[in-house]
């Protein structure tokens, strides 16, 4: 019942279906006086939109946005900022053949059962198209964060079995946007692109991992005990379509470590307290400690594939489903800006909540 | 600022510090008419409390609870259910030596910076002792769920490098409580216990993984798009002390799979629609599909160790810290009931929220 | 920071400024399967819009709405219902003369101080124009309530000193819409209209009272202790522009009554428990008891007047302000549909929240 | 389902029944570093407790409180502050005779219907005893506000037909606590006390009005559009047991005024912008303007009376009810500290929320 809002102090509410009139988002809680860079918002939306490269879906959506309220003479006014992205390439006929059928590993079956009705066109509300609204809102959160010196960068670290083992510290993150796959290791990027191209040719899909790093985060963000900074990041990331897992800092690998090895020893560097290692991933006791925050998000292979699949329809009758829509062979390159946007929303929210911490 | 409440329709608020007078929890939203089994609540608390076995901390806390409100003549009345757990074994002197020091990978540094003040005794609010309140609340959530046929079982699947590869479907989950480590594979359990005993002897600690499975969950729980059932589970699990990662269904392994392999094909079994495989982990589009929900939570090694460690104090001066407190060499056996409790809180919340889905 | 959302289970978020591109509202929590009557929504908006009669402002706004999401094939789908009302008659030049001036008893001074910036055009977000979004949302809440047999009717009972003393029970509420003032006592209505016309001629404004009655409300709505049904109604009504007071049941008059006189005696009428009197106003202990709910809302005179007034500008310099805009001489006739809408939003919210009351 | 929490940034959750083990409250969001004056909290509780004077109920409750968490070495720590008030004078037998009966104008009927079960002892959760928890929390909110220079004073202005017409500006508010009725006009106070004594002798009850004034409130508190400062005050006041109405500033009297008369003209007094009159009651556009905030709350006569009354029981059978419990003949003297507490909670909440207004 309250699934369409995210955040507490910097709160967004999104709306819209894949093939409805429009998508949109309202931001409630953006402080007044923030200069809003419209071009930056468009740039972020363009990073997410279909048709950017040959390894993503070729649907034609411009994803141009329009601000309807909350910005006056170039600045936020403290009132709700609303943004609309009109749907253009709706092609509803593409979906009529699956009107009553439940596509495997899609949300068709669960929406139908939960609500008793569903907008079957392109997945309706369950479509990843909804994330465009999040990216628009995240672009404003990023501007608020940039104002405070916080920087978020995500990139692809794995596609199928192709896994880049390099740490973000040894990567040149300025190269993320230079390849279609958004992997800063250019050799690996090429392999990943080839791999996806091959899978696409087969009408199949493949999973991947997106990693992200937050730099410049001030000490003190995170609300114990239930809104620990990493808990909110986990909830945010798993809320992205196709996400299956989240880990931060040492993550699942930390399981095999000893305490004596995993503990991050504090030291004083010119008056600033830092840790020698950062297995904590920049968060201790749920609160940022000033070190880099980094985390990884696992994405499953996209459920839409070309080969015929068995399934059932609403009446429970066995049916066959064949993929026809234009879809992504691998979700991760387009997931990069979404991961960044959701991280920005979490951090902006905590930045504002933290204003209440002390007298 | 709102970090101490969890849930929306079945909402809990916890309070209390490790060495304060008491811990407690208020449940707001438990439907009236639920018969409350007090012995069951105590049993759950006892599963979590220290001193249960030789591989957990030997602190003496009975963790007996008292209900102060919301239950009348054995039933919930619809008013807030409050439960108190008095602190007994407070031994504040154990902690005076770390009054001004920041223990590595604890919350000392971040609390001090966020709030400008902290209750240094035993970690104060950041202590895992707070989870006793969650377990008490979770025990009531479990009773609500049991009434609807939903069952949650967690167990230890990994300690350090010792990893049980068997799926929950091939395990006898009734054996979970029969070993101190709460691993249903009895051979593996013995190895894990020996391993922990050895590490404890060295004054060190080790991480582990807790897996959980939810059986009997009705179709329809989960609120798209930001409160997907698995997103709320992820947020809940990462909110547990020492948790570093979460994955559900195919999880991080799903990354390497093809869509054609990962898709869960629907079929009709005597009028009930099921899926042949369950890589989705019982959740599609963020909504439960009636299949088993299963997930894994990674826990890091406990930060409190016996060997001396370098650190700094509040003034930034270099200091040495030596472990003295009684602590857990591995958190996972005691994390099992906490994982179950948090899962129960998420599911009870979604069960009630789902009442608003249809006209 | 969270001022733009209302409700918990049936939650709305509004956005938009008086002279921005558009107003709008998102409803999150409308149950799926509700047939949406678009004409009814337009009819409600038309009741609120300017230019309906000679005693309201002559601004030209059609207040036509557009649904962007959440409704499919005529029914709610359980996803957010978003509605947009485009601004047409923006005439920003009308307001340039007050760019830096603080109009007496408007929100200019407080917005400027709170936010450090304000959209001065027509009051921006503080304009009563924002209530169009509430009326649109309220029209859907009304449809949900109608489905459950709940009916809300508001009317004008006082304009300045002209006060109708008749109880709603002795009035023919079907006549409310038959006069421009929306007072069901037709003689009194004529006097009120004449009075307003005279005041308008003088360039002045006058206050009034709107009464409302809710019929057919089921027993059990209201959440003790802080979201008592009447507490939420009070908060909702005082949230309407220009509202200064709220009373329900016996209200301020009840102050002078004895308990023996004020108590509503229960009796059994053919198996249904009713009360002989209804000083409680249909709500006892914060929960509806099945009797009619009735309440009154006081509105101050509109602050925009034609005669010159002294004031100060942003720099604190003394200035003179002269009314130029087209404004309402009395707010109450247009407040009637707004009072109904806000009451509908409160009741729909409580209707859904009450689904969690019992096992 | 969420009726037991109040506030957003300074949030309280109360629990407890009249004749259960204890009442209590958790404050989540009190900033760290506030020095907590325990004696002041007790003094506030003592102002509310029964048995203070001959015109209030003679029940014996000491209303002593205990802080269980959130305060360390005399200061708030930023973690939840929990307070318990144990019930002592529970005398459950007093209520057994009304076990199945619905007392007129009490919450018996509505609780029974809403929840299907109720704690009939002394009204259970619906008892005004619950407000002790609010007063305890309000006492901490007052300390936070005092730190910022905000002062709240409430007093009785009317009992039955005895109405004090003097404005708060012409009263010596330091005299409020000098009479049992808490009316600062000492002559009127005596009349009120005599009147209540007479009504008590008759076994009857009478209503009254509490007025309150907030002084020293900074400009900028209040969140448009749904959490206007006065809307939150209205919701808070109507949430107090027996409250029937609320008005602020000119209130219901403002209805008869012209705009030209009602508008509060701004002027510059030594660099501070003030208004000449204050019909706005210190709030414009829902946001405080720095002038005094004042409002009035109407309370109905207490429903518990001595004479026999007709009613029905759970089965719908006609029964007779006779008052036996010790009750208040008039609620207003004890309502004074409750009105102050609720006002303090609203203002503390808005004080913290306002920290997010600007960049």
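By written order: A, B, C and D. Residues from 1 in each chain.
Operating definition for what follows: contacts are C-beta pairs under 8 Å (C-beta built on N, C-alpha and C of every residue); 3 or more make two chains touch, one makes a residue touch a chain.
In this text, all values refer to a predicted model and were calculated from it rather than measured experimentally.
A count of contacting C-beta pairs for B-D and for B-C identifies B-D as the more extensively joined pair. With every chain reduced to the mean of its CA atoms, the largest distance from chain D is reached by A. Work out the mean CA point of chain B and of chain D, and you get 39 Å between them. Separating the centre of chain C from that of chain D, both taken as means of CA atoms, is a distance of 26 Å. One inter-chain figure worth recording: chain B and chain C are separated by 46 Å, centre to centre, where each centre is the mean of the chain's CA atoms. Each of the following residues of chain D touches two or more other chains: 1-5, 8-9, 14, 29, 32-33, 78-79, 111, 114-116, 125, 224, 352, 356-358. Interface residues of chain D, counted against chain B in their complex, comprise 1-5, 8-9, 11, 13-17, 20-24, 26, 28-29, 32-33, 66-70, 72-73, 75, 77-82, 84, 111, 114-119, 124-125, 352. By the touch criterion stated above, chain D contacts chain C in their complex at residues 1-6, 8-9, 14, 102, 104-107, 109-111, 113-116, 125-126, 130, 158, 160-161, 199, 204-209, 219-220, 222-228, 230-239, 244-252, 254-268, 271, 273, 275, 279-281, 283-289, 298-305, 307, 309-312, 316-318, 353-354, 356-358. Within the complex formed with chain D, the residues of chain A that make contact are 9, 29, 31-34, 76, 78-79, 144, 147, 224, 352, 355-359.
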